[in-house]
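Each of the two complexes below includes chain A, the first together with chain B, the second together with chain C.
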Partner chain A sequence: MTEVIAHVADRTAPAPLEHEAGRTRPPVLRRVVGMAVRIVAALVFGLPLLFMVISSFKPDTQIFADLGGIQAFLPVGALSLDNYTGVFERVPFATFLFNSILISVLTVGLGIIVNSMAAFALARLRFRGQKLALGIILATLIVPFEVMALPLLWEVNLLPNVDSLGFYQGWLDTYQVQIVPFIANAFSIFLFYQYFDSIPKELDEAATVDGAGWFRIYRSIVMPLAGPAVATVAILMFLPAWNQYLWPLMVTQSEAVRPVMVGIDYFKQLNVSWGQIMAYASIITVPILILFIAFQRSFVNSIASSGVKG
Partner chain B sequence: MTPAVVAARLEPSPPRRRGPAGSRNQRTIAWLMMLPAAVLIITFLIVPIGLTFVLAFTDAKLISPRPAQFIGVDNFVRLFENGTFWASLRNTIIFTIVIVPFQSGLALGLALLVNTKMRGTNFFRTIYFLPLVTSIVVVSMLWLFMYQPNGLINSILARFGIQGPDWLGNPATALLAIILMSAWQAMGLHMVVWLAGLQTIPADLYEAADLDGASKWQQFANVTWPGLRQTRTFILITITIAAFGLFTQVNLMTQGGPLNATTTLVYQAVQTGFRQQQTGYASAISLVFFVLVLIVTLIQRYLTRDKEVR
Partner chain C sequence: MWTHNAGNEAELAAIEAIVDAFNESQEEYTVKVQAFPQDSYNQSVVAAASSKSLPCILDIDGPNVPNWAWAGYLAPLEGIEDLVADYLPSTVGTYEDQIYSYGYYDVALTMVSRESYLNDNGIRIPTVEQPWTVDEFNAALETLKATGQFEYPADFATSFTGEWWPYAYSPLLQSFGGDLINRDDYRSADGVLNGPEAIEWATWFRSLVTNGYIPLKSGADPAADFINGKSAILYNGTWTATATRDAFDDVVFLPSIDAGNGPKIGGGSWQWGMSATCEDQEGALAYLKFAAADEWVAKVAGDTQNIPTTESAAAEVEGYGPDGENNIFRTYSEEFALVRPPTPGYPFIATTFQTAAQDILNGADPQQTLDQAVADIDANQESNNYFE
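Right, the complex of A and B next:
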């Protein structure tokens, strides 16, 4: 049995993206031009982000004084953490950060469970209406969230809710309104479906002979084999959850439940401090960039798989 | 991801086996496993989509003591008489028409650039990808500063003796400025998708072309470009639909101004449906947006079918 699983795991793991085509080496002139273009492109994509992080350590007067030259991108002058302490004084940053982490982690965690269970039923069980269910899920993929954002706002405002004081109407200004609508995700179901469909069905039969029920097969056989699919779904659900802006802007009013992305709006009001804006932007970006660089292969493969894999 | 693309991938699904457990038991389990996802998808995806069609013909308000009244096509009449609506429709379409070829073309160039065997390919790919992992909220704030009349871009231009415009304050350049930064942010995504497409082209096709003495350009025109057909369709459709949803950049950088030069359909929907609480009117705007998406999907289906016939 373990042999079968190891074999399957090997077979179904998506091939890593190897971009080196391994063809003949291009001539020298083309190599030089190619390298030059690459370096220019790298500056275009990299320098603005470098500028953001560097400026977060400078006072506003120096940011503007440095703009004209190369020192805009260099850590020179009166560097300090003043902008960072300013961020914490100006907004309840720790609360915003906690909210964002809570919302993202719950959305991804619950999303993996709910979507993989649905995909398991669709890919490996037989029931009436199966094709129709899959068809409806796939059809919803073309509808962008922005189309239904306003009707959804109206709808969640009518949903029943409960707190320590009893029942009431409306989900606005809560955590759940930022989590629950995004747990079930048609694209995640599709990714799991595709992956589960590629795992040999003989495993299910073997497990049934051993007396395992379907839920056991899902939990102990199929899910452990689906590591790459779980990673892909986790990444593809985490980024939008962390980056959400339009929805929390509309459904949250109190600072107690607002996420970090909406928090940036506070810095545009009254005396604008660009240094503080850059500091805020850096704190909410750099951890994600580090995660990205650490798990680069998974990130790139996940995002590419939402493109043309399969 | 569109149903057409998805459906194409689903076709080679192997025949399902009858499960070893009784099929009645299997059906119950299947529905139980589908239940959480089904409830969530119906509540937060299918109902809001349906509501868009219903509310667009009512005077529904976000918060209102009396129930919504059916008012026929009044919302659409008001919409079509409103200059701001036409400005937002025009801007949305211009944004899309410009950014689709611009962004996908440059992304293809980058992909071809990093697809050759050369030192540091991984490093460059990572750099090109960084803006994508950065939230659009952060990118908007960063570029808001870079675009200031005395900001980073104009300071650099001044070094070369060029007097830069007030990028976001001038109706002639505001939309262009937003297009440039949006392309900068998302290009890494489409580079990776193009790369994945390039990987699917068998290397021996290039070897055969080399043997036939084909030039690099001939190889691109006769091997690469036809080989990217599916990738191309996918990229065009996803950029187009994403471009229709333009909101965050506008909300953070220009608030639709100056003189409605950057207002968009989604921005108008949020203005009316959230800030002015006119859900019915906002739903009418959303419906126009939905029709645009449908038209693009139908065109894409038509074009791909046409190509398969040839």
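Right, the complex of A and C next:
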């Protein structure tokens, strides 16, 4: 820490000259405190992830032996890939991963189309009850999913289905039961609505004069301008789709359609395999983290420009 | 068929072996296994039951059998009585005098320690015939604490959640003379959960914390802490045997304490039953009868290192023969096991007891806390018309 402070102090030496030149820089102490706060925050959020990854290479007993000290975050002791081997032996990981990717991608893709269309209708078209419809959609935001889970289960269990053997009733244990209920999303509609509402209406009028219909205006004018909103909705729909846990527990019965998050329960037997849990958690978390870090700037920009702020 | 064994390779493979043998033994029925992870299995079953999509055959955690039978999830297993006559009573699930399930094995609670810890400190090693009394146990903990080797000489796995609390701690209450509900008619907990014996249990239970004998909240894996030398006595289940034996050559598995009414341990593990909505109950019953044979009891119990439910199967399982190192666990089950109250109200009783026990351990007034627990349990019993 001393080195960090000294380093920061060295860099701030010419500050008075810059200040005299009219450029404002915060005082040294304030910058040091700011940096220290950021480092502490980075440690608070980063250390659990580091612990997860490091522990995934340690045997269970060592994980607990190391808990009392800094060793918990260091790659020391009997490191091995045994936990990773165990994960792949215990869980059909490739199937789960494929399922999660398929479910998440289809939910996001279809969600962007459906929600943007709904928002377009609410923001650009004029019809009776428009505001009421928007109000009702927004009101659904306050209903937690857990409240709707059981009625939704009954509903999907009554829907018609078809497979190689013919028609039957019920969507349980299918991909569509994990996708379709989550395509329409009130928050996504609201985000698109907000964004579409800020696009000048004159564009619609000009397009109408040129003979364009509503679908053409939606497809060729509004959507190409809504890149940041699309990116934001994609992110905000992808994360819950990837992290789905309760719903797949209720509706999946075979491993063929089960997503990755449910897989973590495979390691919670009477003797919990902590090392394997850490390995599994690393495998399913780190790729998403890398993806986020790689596209961090785009994510932040899109969220900032679409008006979603924490 | 649904099982809770996803991720539990040994048990799943054993169950699949039985299913394969059944499918090959006849051509009329085919059983197909679908495995769910244990941690979320009950949620999956309840969700399926509410949408009437339960499978024909499913496994059930023992204490849930009466509730699931009462709720109409399960059908009685007609004609299975003779096949399970030799089973440990704790492995047969009954409700209103009918058999609804059976299990291949049981597990037992035990005090895991090391001979060296006890001998070096002059602590008597308890036996089935002469278990530790409460005073002896307290004295042993005081002695171990005085060595300075352990911050907390015992670990009662208080970090575990859910069913562990009634499974592990209600037997201690029962050893003191209390219980979760009056077993004469299963209508009220008054007098048994808040009587003088229960208060004595609660006061002692809290004293384990205030005396510094056990941590208020254990680590996430108490067995790993025991192996790492953080505790001298681990109150846990027989599933810790393999890991602790691998770690120490002088590990001992001691009987639970006798608080006046003999040592008590929880009984009943996973069992197999048939759903009430099964469209082919004859086929399901054919499988369940086929699978109840000793051969399969030995297969499942042996592969999972659990206590075989029949004596003849035990003789076939390594470690459970007359001189086997695991035979002591079967003795504990035979001698001390008490099933959790076989009433449909059990799930509510279990969560109420867990809340009360946690409050007591945290320092709540025992009488007040247990009176409230009794009031809650009795209200639930009454509002469900005593599940009649």
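To be clear about the criterion, the second predicted complex is superposed on the first by the 250 of 310 C-alpha atoms of A that agree within 3 Å, B and C clash if a C-alpha of one lies under 4 Å from a C-alpha of the other, contacts with A are read in each partner's own complex, and residues count from 1 in each chain.
In this text, a residue touches a chain if its C-beta (ideal position, glycine included) is under 8 Å from a C-beta of that chain, and two chains touch if they have at least 3 such contacts.
Nothing here was measured: the structure is a model prediction, and the numbers come from that model.
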{"item": "First (chain B), second (chain C), both or neither touched by A:157", "value": "both"}
{"item": "Touched partner set for A:299, first chain B, second chain C, both or neither", "value": "first"}
{"item": "Touched partner set for A:288, first chain B, second chain C, both or neither", "value": "first"}
{"item": "Chain B versus chain C as contact partner of A:60, first or second or both or neither", "value": "second"}
{"item": "Which superposed partner A:146 touches (first chain B, second chain C, both, neither)", "value": "first"}
{"item": "Chain B versus chain C as contact partner of A:250, first or second or both or neither", "value": "both"}
{"item": "Which superposed partner A:271 touches (first chain B, second chain C, both, neither)", "value": "second"}
{"item": "Touching partner for A:131 - first (chain B), second (chain C), both, neither", "value": "neither"}
{"item": "When both partners are placed on the shared chain, which of chain B and chain C touches more of chain A", "value": "B"}
{"item": "Shared chain A contacts, counted only where both chain B and chain C touch the same residue", "value": "64, 67, 150, 153-154, 157, 246, 249-250, 265, 267-268, 274"}
{"item": "List of chain A residues in touch with chain C within their complex", "value": "60-61, 63-65, 67, 89-91, 150, 153-154, 157, 170, 172, 246, 249-251, 253-255, 262-263, 265-272, 274"}
{"item": "Complex interface listing, chain B residues touching chain A", "value": "1-3, 6-7, 9-10, 13-14, 16-21, 23, 26-27, 29-31, 33-34, 36-38, 40-41, 43-49, 51-52, 55, 60, 62-63, 110, 113-118, 120-121, 124-138, 141-143, 145-146, 150-152, 155-156, 158-159, 184, 187-189, 192-193, 195-200, 203, 206-207, 210, 230-231, 234-235, 241-242, 244-245, 247-248, 251-252, 266, 269-270, 273-274, 279, 282-283, 285-286, 289-290, 293-294, 297"}
{"item": "Complex contact set, residues of chain A against chain B", "value": "17-26, 31, 34-35, 37-38, 41-42, 44-46, 48-49, 51-52, 64, 67-69, 72, 114-115, 117-118, 120-122, 125-128, 130, 133-134, 136-155, 157, 180-184, 186-187, 189-190, 194, 197, 201, 204-205, 208-209, 213-215, 218, 239, 242-243, 245-246, 249-250, 261, 264-265, 267-268, 274, 277-278, 281, 284-285, 288-289, 292-293, 296, 299-300, 303-310"}
{"item": "Chain A contact footprint on chain C (complex, rising order)", "value": "2, 6-9, 34-40, 43-44, 47-48, 50-53, 55, 107, 219-221, 223-225, 227-228, 237, 239-240, 243, 247"}
